[in-house]
Amino acid sequence: MRFVDEYRDADKARALAARIAALCEPGRTYKFMEVCGGHTHTIYKHGLEDHLPPAVTLVHGPGCPVCVIPMGRVDDAISIAERPGVIMTSFGDMMRVPGGRGTFLDAMARGADIRMVYSPLDALKIARENPDKKVVFLAIGFETTAPSTAMTVLRAKSEGIANFSVFCNHVTIIPAIKAILDSPDLRLDGFIGPGHVSTVIGCRPYAFIARDYGKPLVVAGFEPLDVLQSVYQNLVQLAEGRVAVENQYARVVPWDGNPKALAVINEVMEPRPHFEWRGLGFISDSALRVREAYAAFDAERIFQIPGGRVADPQACQCGEVLKGVLKPWECKVFGTACTPETPIGTCMVSSEGACAAYYNFGRFSRDRVKEATRT
Amino acid sequence: MEILSDRPDLAKVDVSGVRRAINIGLLEGEDLAPGDWILIHVGFALSKIDEAEAKSALDFLESIGQAYEDEIAALRESMIEQG
Amino acid sequence: MTTEEQVLERIERARRRKARVREELVTLAHGAGGKATRTLIEAVFLEAFRNPLLEPLADGAVAGGLAFTTDSYVVTPLFFPGGDIGDLAVNGTVNDLAMCGARPSYLSAAFILEEGFPIADLRRITATMAAAARAAGVDIVTGDTKVVQRGKADGCYITTAGVGTVAPEVRLSASACEPGDAVIVSGPIGEHGVTVMLARGELDIEADLVSDTAPLNGLTAALLDACDAGQVRCLRDATRGGVATVLNEMAEASGTAMILDEDAIPVRPAVRGACELLGIDPLYVACEGRMVAVVGGRSAGAAMEALRGHPLGAGAAVIGRVGEDPPGLVLLRTAFGGTRIVDVLVGDPLPRIC
Amino acid sequence: MTTEEQVLERIERARRRKARVREELVTLAHGAGGKATRTLIEAVFLEAFRNPLLEPLADGAVAGGLAFTTDSYVVTPLFFPGGDIGDLAVNGTVNDLAMCGARPSYLSAAFILEEGFPIADLRRITATMAAAARAAGVDIVTGDTKVVQRGKADGCYITTAGVGTVAPEVRLSASACEPGDAVIVSGPIGEHGVTVMLARGELDIEADLVSDTAPLNGLTAALLDACDAGQVRCLRDATRGGVATVLNEMAEASGTAMILDEDAIPVRPAVRGACELLGIDPLYVACEGRMVAVVGGRSAGAAMEALRGHPLGAGAAVIGRVGEDPPGLVLLRTAFGGTRIVDVLVGDPLPRIC
Amino acid sequence: MRFVDEYRDADKARALAARIAALCEPGRTYKFMEVCGGHTHTIYKHGLEDHLPPAVTLVHGPGCPVCVIPMGRVDDAISIAERPGVIMTSFGDMMRVPGGRGTFLDAMARGADIRMVYSPLDALKIARENPDKKVVFLAIGFETTAPSTAMTVLRAKSEGIANFSVFCNHVTIIPAIKAILDSPDLRLDGFIGPGHVSTVIGCRPYAFIARDYGKPLVVAGFEPLDVLQSVYQNLVQLAEGRVAVENQYARVVPWDGNPKALAVINEVMEPRPHFEWRGLGFISDSALRVREAYAAFDAERIFQIPGGRVADPQACQCGEVLKGVLKPWECKVFGTACTPETPIGTCMVSSEGACAAYYNFGRFSRDRVKEATRT
Amino acid sequence: MEILSDRPDLAKVDVSGVRRAINIGLLEGEDLAPGDWILIHVGFALSKIDEAEAKSALDFLESIGQAYEDEIAALRESMIEQG
């Protein structure tokens, strides 16, 4: 498969790994955060850490869109889904995310009509086909998915589809990175920048990271060689004593992003003053809501939602994991009370969640697995 | 990728014989033509792939690979010399 | 501070705990073939019915030279490229018998029909069933028909059961896998599951794929014939939950590690493409005409020859080997040169693919 | 002018014509157990699957000393006085084996669950199944679980299949009934069907009735033991369609007349009362723990003694005899001293009673 | 069972049969029509004819409520049932009555929501429980059931149940009997009068039969001894050379009927100028419709019904059977093309229909069956 | 039959242990009491059974039965005499 297989080549990986090892100063350790959950998934799915020297550690950031949704919003979504005549539509990842009153799957079992879609356009299609129902799309994700949601709202408006609305939970990446950088207990040497988000926002918004915080950031693609190369580029910068924003993923990410996509977002949505992030608490200007002009498509305005805040479970340490302070396995309930089957925190749900990725793909000590698979 | 004549915002993409209609409204203004590769996310084309950039990135990886193989070869030789 | 090793030990203890259903209501996850399904079966059905024949939770029960199995079919859509619910229902049960090492003899077929179901569709389905039974060399000798009100079914559900005879020297069991054995799949994986998912039309995705549904009793007979007695340790058709689930069950039952080589796993490009597009892993996608065979190292060559010599095994491949450590796990050496665990599926609810 | 006799002959010719389904869609009548059900089975299923073991359309298939049967259970409500879908599913299949003259050995159980079904109800059902299996002396050795979306089932459907062993000297068949044989029922009829109908609550009728669901394998063993070899001609559990349907099938298969005595047919007052109120005939109401036995006149006494000596046969009664003419019909001498035909049911759609 | 078993006694039947035989003038034959389908059912279910001498023949009249519904009305009912949001409710007998577009069962298979009820009150209950649906009760029957329908409409009104209506097909017995008496090809010696209908209308309305047509009529109960006794009473009248209306069923039927029931009918319903009877054609003043004052409960007014007339199938001879001109088996399609499984005419559907009763219970020649069942 | 206190138009009837609530609105004005027998049609009581009439009808049937038995007995006797 083009643009896939060539970035999964084991020989090239070994060559790059040798370079990476060579770049590490003896006695020094390096911690890089991959901000994006897609990268976390890539790292575990392909066993990327097997190519890293012990001195390099990857830290999983807050970039899994599912993982940052607070429990209160899940409950709100369920409360909308349980109204008579509502069809809630959602990406499959959300199905097992626990709110205070169980998951979407539980709500479905109780009678709610919730359907999995692969695109907001599928939700719009369902609305078109069910004129007597109110079809709500549960919008989640960073700037990657926000333009799709916005485009879908525009299309609903232009087609005059009155029974479609969006429950908007879009978040923005920069405030989250800033919150991470500002957290006192963190030690990072650089960032692997989110590839898909950057397709939309471009590379310029990251400038403050190098300028104000003195950390390198390399925007990376999602194949394992992309990620490995971005580690390499981070190390090169450090070795050369400079910090900058670099674009490893230039084949896809334009330096200035996608202006049309940004315009579409801006047309339909506006920043929220505050939004709660799971584990991270309230972050200012970190999320988007539907603008007044599109109120007719805003589920938050159409339905009276409880809007309650639900405290994260006592045992949950997702916040620390999302900030990269704890490794997944260091959470007290990891793998015992909290498993992909019975997640306590959201990081255990999506395959982009750090805990789930670690549990599903890498739960065993790397050495033992390496030993076992030696041919 | 093929652009559907009846719906200018839709294109039919093909990945290894798997075809799906994709909304290309977010690439408005880009010069899209059948044969182009695009990045797709939740049914929308987000970006057109820049073949030149792709090639240069791969060239870099190849070069490292080549250098690595040279080194390995050199290492082997030196080991043989030692052995 | 606890070390990673201590955590892992704690996890292992948690995993060995008795299965417990936490939900109050049945959810779609209980039918998806992954962990929730397994938990439901162990905590409710096995708990209630417990007996030595049921206990292995294998494809079927074997006792006194007889194998016995059943499956319900609730696939949607009923008709899909390469097959329909009819041949699925026949092949599925024929295969479960074959996986017991049995020669299938007789099938039963029980129909639950929804009021309003077209008689023409029923004729089409029964014709496919008859053809599938002929192909597999079995007879459908008993059956049942129920009709439920509109809205109490989805057109047509079929439950087949099957009986077959097992030769005395054949003793297959998931617990028989041993370090050094070869792990084989009989052909490219995931075609049935992807075909049915796409056939539902909801994804708006097209691909030139047909279901792999097929009766495997001929193939298993050839395999058992070709290998020394006892060398075929275990056979499993990789249906709901796919190859990954089957291998996890084998690893757990035998206390071995299943060590796979990603590069060796046959996956057709269209399956791979669709899986990339949908974000799913072909290892978890259902086949209805592919099996996993674990064969003693000594007979692996003969096994491959026998499989490859049969039309339904032409794409057979050794995809890995059985190892010792870590017991109960499936490991994958990735094409990228890394390693990862291939755990039991805790997936999102899948469409009804069987 | 045509005479009545000529008309009757014309009718007989029409009745012998091959079954043909005239409807384009499945209707509830196709599941009611009467003529429409029979037509569907003959014209669609038998037509497609035809083989000598299926052909008799008996309770199960018998070959090589083995009996094999299946039934789906879709009863509503799932729980009713005297039982639930669980013991129905076990007893029903145990009974079909028993009616083949078999000793039931193993059962399979395949569940189709509707999303949202309470796990507690599932536990209750599996507990009943386990108890019923224990009571019948069989093990549930294999099974399957599917979950379908809300609105695609009605809580829980169960399909059981069963295998059992048949002694070589036992050969039961509807075609074996001979003039002079005694027609016996093992107890009062219609309790299950009436109980379930009333349990649905739609009729606003109450009665002190419980389902008769019970495993009959003990009773049939006692009966077969007590009678001379070959004297037990045929056994049938009187489920969907009731005693009348079973007797019609026997009459048709053997070309005999079944001649009943209304006064001799045991019907409990509450069943009779409910049937009068609802305008239905107890002869067509389902039992789930009663059988019809046709026994050679010579062994009729021994048969009655054996049945009456068993707790499940305490209410057994000889309800008629097999005659020669008119072949293929069931006749009833009414309590009023008149006579009538008891034809196959062409009833209105019945609630789902099994 | 009281009031049941004592009227099914074989010994009493034999005694009565002997009296009946003794009353027959040698060489003369007698034809009595049982007007009511309930009597037809009783006659065949209990094998009553076995107690009658060959000289006495029973002729089955037009009193089966299902049998007289014309095909057009069945189609109308189906057309109502197939409207979205409608639940049609009906007695079970109607389920297999063929209209021009198949039966209720076929309509259900196509998607119509049709439910069997045992009482119009059940239909009202369904309306109460499904406020978002329009629940229609298919009202059929003679004066026996009309009061129940009327009472149910009154209850719906007093409870304010707005989603309930009645598709009224009630017919009246007197015009039907008059039509029979006026048909030229008929030879009858007397009538077995309808017991349940008479409970409501009493015995006076039959006076014209004796007075104007010179035929006896004996109102009879529904147990076989009731019917046998009414044959006896007919024969006694003839033997004594008098004709009168007599009431064999006095334990249930008051001479003046049930004034409350008549008042209730009259409150809610009024005669229709014309109504089509299956096989008999249009008969004036022979049916009831809902009065203007209860228009809100009248399905005919609420729904636009096609109201088309559908010609009976060519082969159908139900009219002749209903008039008693033909015995069921004399119809050309009886038992071959027309069977209870595949009825062409309505007389083959309900167990009160003459053809169905004859086919189900008595298809074989009486002598052969008698011979076979001799003990 | 038992009259339900909370709904004067409903009565609970019992036939051989089978109970159903019946609307007795059509018997308004009749003097109904528990123990009465009523004729029920589609859930409504249509008529109260007149026990006196019932008895006289049965008496008639009995009398015929008796007369018949007497006759049969007489017939038998005469046959015996003849035989």
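By written order: A, B, C, D, E and F. Residues from 1 in each chain.
Rule of thumb we're sticking to: contacts are C-beta pairs under 8 Å (C-beta built on N, C-alpha and C of every residue); 3 or more make two chains touch, one makes a residue touch a chain.
Because the structure is a prediction, the values reported are computed rather than measured.
Student: Considering only chains that satisfy the touch condition with chain D, which of them also satisfy it with chain F?
Tutor: Touches both chain D and chain F: E.
Student: Does the chain C and chain D pair touch with the same residues on each side or with different residues, judged by whether over half of the numbers are shared?
Tutor: Comparing the two copies, chain C and chain D contact each other through largely the same residue numbers, since over half are shared.
Student: Among the chains, which is located farthest from chain F on the basis of C-alpha centroids?
Tutor: Comparing chain centres, B lies farthest from chain F.
Student: What chain pair has the highest count of contacting C-beta pairs?
Tutor: Chains C-D share more contact pairs than any other pair.
Student: Just curious, how far off is chain F from chain A if you go by their C-alpha centres, in Å?
Tutor: 80
Student: Taking each chain's centre as the mean position of its Cα atoms, how many Å separate chain C from chain F?
Tutor: Chain centroid spacing, chain C to chain F, equals 67 Å.
Student: Which whole number of Å gives the spacing of the CA centres of chain C and chain D?
Tutor: 36
Student: Suppose each chain is reduced to the average of its Cα coordinates; what separation in Å results between chain C and chain E?
Tutor: Result: the chain centres lie 60 Å from each other.
Student: Which residues belonging to chain D are in contact with no fewer than two other chains?
Tutor: 23, 25-28, 115-116, 203-204, 269, 272-273, 276
Student: Quick check: what residues of chain A touch more than one other chain, meaning two or more?
Tutor: In chain A, 1, 9, 11, 14, 108-110, 118, 122, 225 touch at least two other chains.
Student: Could you list the positions in chain B whose residues touch two or more of the other chains?
Tutor: Those would be 15-16.
Student: Tell me, which pairs of chains are in touch?
Tutor: A-B, A-C, A-D, B-C, C-D, C-E, D-E, D-F, E-F
Student: How about chain F: which of its residues touch chain E in the complex?
Tutor: 15-16, 23, 25-29, 37, 39, 41-44, 46-47, 49-51, 53-54, 56-58, 60-62, 64-65, 67-69, 71
Student: Residue numbers of chain D touching chain F in their complex, please.
Tutor: Residue list for chain D touching chain F: 203-208, 269-270, 272-274, 276-277.
Student: Which part of chain C faces chain D closely enough to touch in the complex?
Tutor: 21, 23-28, 30-32, 37, 40-41, 44-45, 47-49, 51, 53-54, 60-61, 63, 66, 68-74, 106, 108-120, 122-123, 126-127, 129-130, 133, 139-149, 151-154, 157, 159, 161, 163, 352, 354
Student: Which residues of chain D touch chain A in the complex?
Tutor: Within the complex, chain D contacts chain A at residues 115-116, 150.
Student: For chain A, which residues count as touching chain C in their complex?
Tutor: Per the stated touch rule, the residues are 1, 4, 8-11, 13-14, 44-51, 92-93, 95-96, 105-106, 108-110, 116, 118, 122, 224-225, 329-330, 334-337, 339-342, 351, 359-366, 368-373, 375.
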